[in-house]
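There are structures below to look over.
Look at the two complexes coming up: chain A is in both, with chain B in one and chain C in the other.
Up next, the complex of A and B:
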């Protein structure tokens, strides 16, 4: 095993790490917001909203994430090239980059998977707690914001930790559309140094550390509200 | 059988306030003491099933009205119609003279005409449930100040001060930073009562507050309710605790198949009811306990 190449390529790997973390945070944040819409949409009494949410979930969960990324990057992305208005706009530098296509694809993916998780969590909150909120004078919106959603998230924290680690691992697909994330950087190192195992070993450890970090953060969140019977 | 405004107001109720202590509940002192609750000809159906079939009654300041009756007779439904947790198909509910506006929506279902009005009136009706329904992600204190701060826009300091006083009164001052799951059922229900009192409601509504409790915990909750009654708090209480109902009520209403079969003083209902059904029910309850 030789690691002397890290001196030369260290900054590329660090930039890759930063990119991976950005992918994770952006798609985690926007994906969670989308998942809230999908989760409430699935429980909506309006047939159209319920149907739309279910169709979206089925579409996202029924197709491979890699295919979704390709469709967005090669399909939608190449459509943009045909529009001079888009090409001349200030957004173009971003639209050329694979990064934002991956963020969008991951956001949709989180929306679909976590949306379903959120739906389950919302259902799992005892109805009486919501009824008490309404009975004491809370508006429906306040009840959702102060009771229903926080309770659902409290119930779901262990699942959300798992979904977040899953998202972390999904970010590795970004390298397939030339994004220099951790894996992209490792691939570059491999190509230029002809070293196969060391870069891969290094990034495997990197992902592992990130995953443990995510688990730790969620564990801390869980412990903020003590529950009898839990350790 | 609609009890008139002055019928069966209990005269002998002891208003002994315990020396130096502040009352749990400050009774409303209105210049014109009209009824706080005035219900006229309430009807409620669930699908084909008629659950309330023309109920009328009123409650005045200081009244303690117990609702008794067999399972399925509509006691909970009646109580829940008072704060529109169930919306009656027909009839009217007035709280402190203000009628809750209802309308028929496009599906032909009766719904509140103004959600804001209902929310506002609900803060004047403190409700206590069989299953406590505390919010487990908040501490006891947070449960108590939530509605005063978020809905009534009281300052946090003011809400906390009132909440601490209420916890003191229900004997749980030392539990303010506990989460509900660490409390016994009796303690949780006492917190729930304090939470309902935190908005300074004009009426307290209790739906079988002790039915979910282990027998040894019933007493501590009944004691809090009794203290409230002695402080002059107006309340409507659905209960299977006949001895307690007889003891604290100014009036008892016996519900049967969605109607008030008989209403009157506790003595009348428990000793010499006019209705044969009421007599049978009371006797059966008596021999059970």
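Up next, the complex of A and C:
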């Protein structure tokens, strides 16, 4: 094991780490919004909306994320190349890079997986609390914003921690479409220094630390919420 | 309608056989890895529940690391480490470098990764068995091996089934990662097809449909299992 290459290649790995964290935050944020839509859609009384949300989760959870990334990056991406209008537009610099394709793919994926989790949480909120909100004259929207959603998220914090670690692990797939995330950076270092294990092991530890960090943040969030214990 | 005809011709006519072969390889890899994952999972779960000291710490470390580090990274690491290890052993016995069997490597690597998840599922299922059942067996003088074989293993199955069926679905999807290290499974075949015909969207959508079919069929099969198991579960 030699690690003296970190002096020359360290900054590449750090930039990669930053990209990984960006991927995580962007797709985590947008994915969570989508997941809310999907979660409420699954519980909708409108058959069409319920069916659409169910089909979406089945589609996302039934196909490998790598295939979804390829469909977007190679498939949809190759369509864009054919349209000169798109190539000349201001969006082209973004459409050429893998980063945003991966963000979209991860967002959809989070929407599918977390949407199902949120559906469970929404169902888990005791009925009496919702009835109380209605009895106090809250409108449906206010009830969702003040009671239903916060209570569901509170119930779901442990599962959301797990899903977040899952998302962190999924960001590694970005390296397969030439995004320089931390795994992509490690692959570059590997190719240039001919060292197989050291870069990979180093970033494995990085992922481990990031995962522990996520768990820690969620545990802090859980502790902030008072639980009514048996007195 | 012309382009549909053409699309069907390209996917099924030109590449149908290759894609089917790829799908078979994917299923074989997943089945093999599932079996290895179950064996590893059972062993690690037993170690976690019965042993103490360094062995237990090792088991905990294995499940923590394998569940926190991306599968793709683990596959890369284990793939290289495995081939190097085999070559080192071959060199020890005076052989030159050997060609590592890509299929076996894929199965073992995925099995090791999934073993960590299987271990947690099995541990949870065993802990769900009412303690009284095991105490009753002990009271009748049953030996340890007998309890494991006749009480713990059959009784934990209904509890473990939902988790294990989930694991199988995850495994089918994770097997697509093997295409990154270059073994010729379903996604790798699709990559070649898409590259040579330049019909990227068409082929990646087709392969998504194949994966979706496999997971939906698996879901239906596991649903039947679950129903037949839950018949003799205590009602709650």
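Heads up, the rule we're going with is that the second predicted complex is superposed on the first by the 227 of 231 C-alpha atoms of A that agree within 3 Å, B and C clash if a C-alpha of one lies under 4 Å from a C-alpha of the other, contacts with A are read in each partner's own complex, and residues count from 1 in each chain.
Quick note on the criterion: a contact is a pair of C-beta atoms (placed from the backbone, for glycine too) under 8 Å apart; a residue touches a chain by one contact, two chains touch by 3 or more.
Computed from a prediction, not measured in an experiment: that's the story for all the values here.
After superposition onto chain A, the partners chain B and chain C occupy separate space and fit alongside each other. Judged by the touch definition given at the top, the superposed model places A:138 against chain B, while chain C stays out of reach.
Of the two partner chains, chain C is the only one touched by A:208; chain B is not.
Touch criterion met: A:225 reaches chain B, while chain C stays clear of it.
In the superposed model, A:146 makes contact with chain B only, not with chain C. Using the contact criterion defined above for the overlaid structures, shared-chain residue A:154 touches chain B, although it does not reach chain C. More chain A residues lie in contact with C than with the other chain of the pair chain B and chain C.
By the touch criterion stated above, A:128 is placed in contact with chain B alone, chain C being left untouched. Using C-alpha centres, the superposed arrangement gives chain A a vertex angle toward chain B and chain C of 110 degrees, stated as a multiple of 10. Nearest C-alpha atoms belonging to chain B and chain C sit 23 Å apart in the superposition, given in whole angstrom.
Shared interface residues of chain A (contacting chain B in one complex, chain C in the other): none. Contact residues of chain A toward chain B in the complex are 126, 128-129, 131-140, 142, 146-147, 150-151, 154, 225-229.
Chain B contributes residues 83, 85, 115-116, 119-120, 122-123, 125-127, 129, 131, 133-137, 146-147, 150-152, 179, 181-182, 192, 195-196, 199 to its touches with chain A in the complex. In the complex of the two chains, the chain C residues touching chain A come out as 64-65, 67-74, 76-77, 80-81, 84, 169, 172-177, 179-180, 187, 191, 194, 198, 200-202, 204-205, 207-208, 211-212, 215-216.
Interface residues of chain A, counted against chain C in their complex, comprise 58-59, 61-68, 70-71, 74-79, 165, 168-173, 175-176, 183, 196-197, 200-201, 203-204, 207-208, 211-212.
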